[in-house]
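Letters A, B and C name the chains as they come in the text, with residue numbers starting at 1 for each one.
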Amino acid sequence: MKLTSRTRTAGDILFDIGNVVFMIGLMVVTLYPFANMLAVSLNDAMDASRGGIFLKPRVFTLYNYEYVLREASIFHSLMISVLRTVIGTAVAVFCSAMVAYTVSRPEYLLRKWVALAFILTMYFNGGLIPTYLLHKELHLINSFWVYIIPGIVGAFNIIIIRSFIEGIPDGINESAKIDGAGDFKIFMKIVLPLCTPVLATVALFVAVWQWNSWFDVFLYNSSNPKLSTLQYELMKILQTANGSSTQATIGDVLGGNQRGVAANQVTPTSIRATMTIVASLPIILVYPFLQKYFVKGMTLGGVKG
Amino acid sequence: MKGSHTRYFALALATAVLLAGCAKDNGAPSSGSAAPASASLSAENSAPPELQPATFTYFNAASAGKDGNTNETTLGKILEEQTGVNFRIEHLVGDLNTKLGVMLAGGDLPDVVVPDAGIDKMLDAKAFIPLNELLEQYGPNLKKLYETYWDQLPAEDGNIYIIPFAASKGFVPDMYQPGAFYIQRGVLKEFGYPKLETLDEYFDLIKRYKEKYPQINGGSTIGFEALTDDWRFFTLTNPAANLAGLPNEGEVYVDMATKQAHVTGDTEFTKRWLQTLNKANDDGLFDKESLVAKYDQYIAKLSGGRVLGFFDYGWQITPAVQNLLQTGDDDRMYMGFPLVLDKGVREQYMDPPVFATNRGIGITTSAKDPARIIQFFDNMVKEENQKLLFWGEQGKTYEVDDKGRFYRTKEQIEQRDPEFQQSYGFKYFSYYWPMGAGLYEDGNAYFPDRQPEVIAASYSEGDKKILEAYGLQVFTDVYHEPADVEERKWYPVWTAAKQQGSPEQMFEQKKMDLQRKWFPRLILAEPDKFEAMWEEYAAQFRKLDVKTYEDWANGVIQDRLAGKKR
Amino acid sequence: MSRKSYIGRLMDQKTLMLMSIPFVIWLFIFRYLPIWGWTIAFQHYRPGTGLWEQKWTGLDNFRLLFQEEAFYLVMRNTLAMSLINLVLGFATAITLAILLNELRSVLFKRVVQTISYLPHFISWVVASSIIVTALSIDSSGIVNLILMKLGLINEPILWLAEGKYFWGILGVSEVWKNVGWNTIIYLAAITAIDPAQYEAAEIDGANRMQRILYVTLPGLKPIIVLLLIMNIGNILESGFEPQYLLGNGLTADYSDNLDIFVLKYGIAMGNFSFATAAGVFKTVISIALLFGANYMAKRFGQERLF
């Protein structure tokens, strides 16, 4: 921002210093869990179960990563994860923006009803089994498209984008209309480019949601390894490491406990830490990339002036 | 193989079926299609029709693990060579009820399902086929293995829907100790290896040791640690009945004279157990934090060597034990005792072999060729195959001495890493199939980790020293032999199935909520307020639907005594 | 121009209709059609049995829900934790967005943004383990250590054993985990504020505080109001994982909320009907609250949802 041109008062400087100190404090607190995960993931699992690992590993090893990367059919599932994230995000952002545009048009007679129809869906769902049966009827089971089609438009996204579009000065649209541009053209040529910050925000939300999803894999595609995603594969490894500990079954208690599982070289804790790093690094990197769309906003003034 | 005539006949038939199969492409279970079959044609041992390659799907809701094909493992390959059958295994990853719910609602069932606690759902939806005739026709070995339990297999309608696991013959104690009050070996050494019998003696020892050594490994000594995290809370509630010399039946104990079940929640022994902990807390021996800590913290504390005592089951403390073993300080290792409240009471910590009829494996209505599956099961329970599945191959994963005893060399014992367990196939076949347990006909233990030779070979120097001090062979020798199964034909009540959302299930959940709330408070209370608080708790406990629950438990006992399956 | 009929005017909006109606159809199929599943709430549902062969139980499942003694305690906790999260969540995220906006170095700002949203990617299992460790009375419990160093307390407090601290601990944990993430939307909204407004304010001699109060905050108001209305509709969703993982028997009277209740007595028992009944109850309350909040916003002349 170019607001710094004016001479800074003593109060300003004090504020700035305080602000920076606060931000550093915030970073320490919010970086800690990740740093801690990193340290645990790079530490020998059995040793880590003794506790007391904070910021640096005590007994360094790469074994946890080796184990996780070997056990997860990582490359294929990573590809599926990337595909669903990229396609899912692109589709969701474009379609949500389109609906948002229509419900932002004051002259659109159906605007209120369309908006309400979407908004209500934020507060209910038919439940697991009816949804499953629907997807089965639509042949979405055992299919990649079950990751995309049920999520093409989100009510929340529509509301956020609509609010942003409504902030665009009317003059822009009006002048385009006079020039003879249709709604679709205005949407594509004027609204979309002006909305980049909010589209980037929505893209981030959708991408993170897509990337982290594993429940739909569990419900619909669990028996088809070709459609498994990274999160689901990691979930499997975690539960395997948990062994009988997540589900103490009668079988485990009566049938010789963890026969054959002994000599844990990995523990649920170490797997979880490694998984956190492996699964979240790629998606975390999306944000810095999107950030360049957040500092804009000048465009608005530009068009207007 | 039989005579050569049969062989040629089989070959001709196999070819014919193969061609027919190719032409029709009807998606029959012989999905292996041309490639493997033609391979077996060229092999010197041709495949009779029942050896046609077939792949079935197997869903395991009882444990997590790596998904894959059994024939990708050494053991699975051997079984495939014997039967032509391969299983594609899928493990449950998320919530059991959710997964079974959508599977049943959508009708997309795998061929074979191990539904774990979801068994009622499966039966309710009539998703399993009756196996009676198939067993009659194709299951001679299964019948032999399950002989003693055969009358317990049918459901109320007389049909057999599931085959339970682990039909025991002969008793072998577990390598892991069942429930025990553990105490540091350093404490025992300090006081000359006393034989511990009562809870008071145990806490007395801990108190004296803690006074003498207020610090261990640079931290303050912790007298007694509890495990209360989430579902592991049972570790705090279970000891009560054991302390009274009763076996663990779950929420009830059974009066042997009247065969009547009574709930344990408000009994005198539960009260005395909590009061002892209350006193320990007042003496500064109880670690308050263990009432809010997670399992990870619990393991970390035990691994740190500062905890003098705790109650637990062997299988919940393996990581801590391994850590302690690695530090090499045997004084910080543990030894467990089956304690009682009053001197002279005979303890019953160790379970007799239990045949759980409400867990097992079933064939679903979606299975295209159930006969092949039963044949596979029948083949796998032959004694030589059971030895193969649990011990592996002689010379590779075990040895036999001149007296016919099985043992494992140091290297073979150490082949326990998950990759080997997986690739060899031990992992896939370790449980959750029709199988036996206990002893083989030749007297060897069914499972290597129950064979005394194998157990003894895995003991450390410290283990040997303390076993000698107490004059024991293995650690489980501290327990009395479990009572005769015949005397407690119903044992244990807790394995009986409960209907989803039934009053007995509601009772257990409410009881759990109540005890999770009150037990920690009772432990932390000022000693002079304990009585009043206990009364308050007991009053609330009695407000629960105790009668319905006891009636249910009595129903289970009576039915099981009458030889009915529950 | 003569006045056209409604249909006639609608026909003039073909493009807008083409751009929205297909998605409304999609919405109907994927979101509204499965509502038939609510019938499960009035049955004793058993999966694998046809819908019309189920046993109908009328309002039994709802009765079970409302007659349960614990229900009212659970509702109190749900509302309390939701409100705390709502207020704390809004206040901290907006404050952080404004403070970030005031940073002079763009690079520093981006670094802070990226780092502060990291905890959002840590699962609650991991986060709760870190929280439990930080609150420990042992030597690893940094909270007690600091408070003792500062002389605020004399001996370590077992924070997680006291019900009265639970809501506070939960609120702070939620903020710690999600403040960076929640800020993103406000940062996007700030970009929409016309820079000319800042310049004008500066020319008028507004100081930094005044610029925040009279330019930034009003610029954020529409989105704040929208999010507020939406979140009021969600008041019965107070989360479930953190309560489940941080709670224990000693704090259960404060930590058990509606979702945990439904989990224990519905889902964990495989009782789909009970879980569905609770879902229907939540929907009814949510939609009532949503309309209420929207109406209030309208009354006060604010931005509204529909």
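As a working rule, contacts are C-beta pairs under 8 Å (C-beta built on N, C-alpha and C of every residue); 3 or more make two chains touch, one makes a residue touch a chain.
No experiment lies behind these values; they were computed from the predicted model shown.
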{"item": "Of all other chains, the one whose Cα centre sits farthest from chain A", "value": "B"}
{"item": "Most contacted chain pair (by C-beta pair count)", "value": "A-C"}
{"item": "Centre distance in Å when chain B and chain C are each reduced to the mean of their C-alpha atoms", "value": "41"}
{"item": "Gap in Å, rounded to a whole number, between the CA centres of chain C and chain A", "value": "16"}
{"item": "Junction residues of chain A - those touching two or more other chains", "value": "51-52, 128-129, 269"}
{"item": "Where chain C touches two or more other chains, by residue", "value": "47, 129, 133, 272"}
{"item": "Multi-partner residues of chain B (at least 2 other chains)", "value": "98, 101-102, 105, 296-297"}
{"item": "Residues of chain A that touch chain B when the two form their complex", "value": "46-47, 49-52, 71, 128-129, 132-133, 136, 141, 215, 218-219, 222-223, 225, 232, 235-236, 239-240, 242-267, 269"}
{"item": "Residue ranges of chain C in contact with chain B within the complex", "value": "44, 46-49, 70, 128-129, 132-133, 136-139, 158, 160-161, 248-250, 252-253, 264-265, 267-272, 274"}
{"item": "Residue ranges of chain A in contact with chain C within the complex", "value": "1-4, 6, 9, 11-12, 15-16, 19-20, 22-23, 26-27, 29-34, 36-37, 51-52, 95, 98-99, 101-103, 105, 107-110, 112, 114-131, 134, 138, 149-150, 152-153, 156, 159-160, 163-164, 166-167, 182-184, 187, 197-198, 200-201, 204, 269, 272-273, 276, 280, 283-284, 287-288, 291, 294-298, 300-301, 304"}
{"item": "Residue ranges of chain C touching chain A (in the complex, touch as defined)", "value": "6, 9-10, 13, 15-20, 23-24, 26-27, 29-38, 40, 45, 47, 96, 99-104, 106, 108, 110-119, 121-123, 125-127, 129-130, 133, 140, 176, 180, 184-185, 187-196, 198, 202, 207-208, 222-223, 226, 230, 233-234, 272, 275-276, 279, 282-283, 286-287, 290, 303, 305-306"}
{"item": "Interface residues, chain B side, partner chain C - complex", "value": "95, 97-98, 100-102, 104-105, 107, 118, 121, 124-127, 219, 228, 233, 288-289, 291-294, 296-297, 500-501, 505-506, 509, 513, 515-521, 524"}
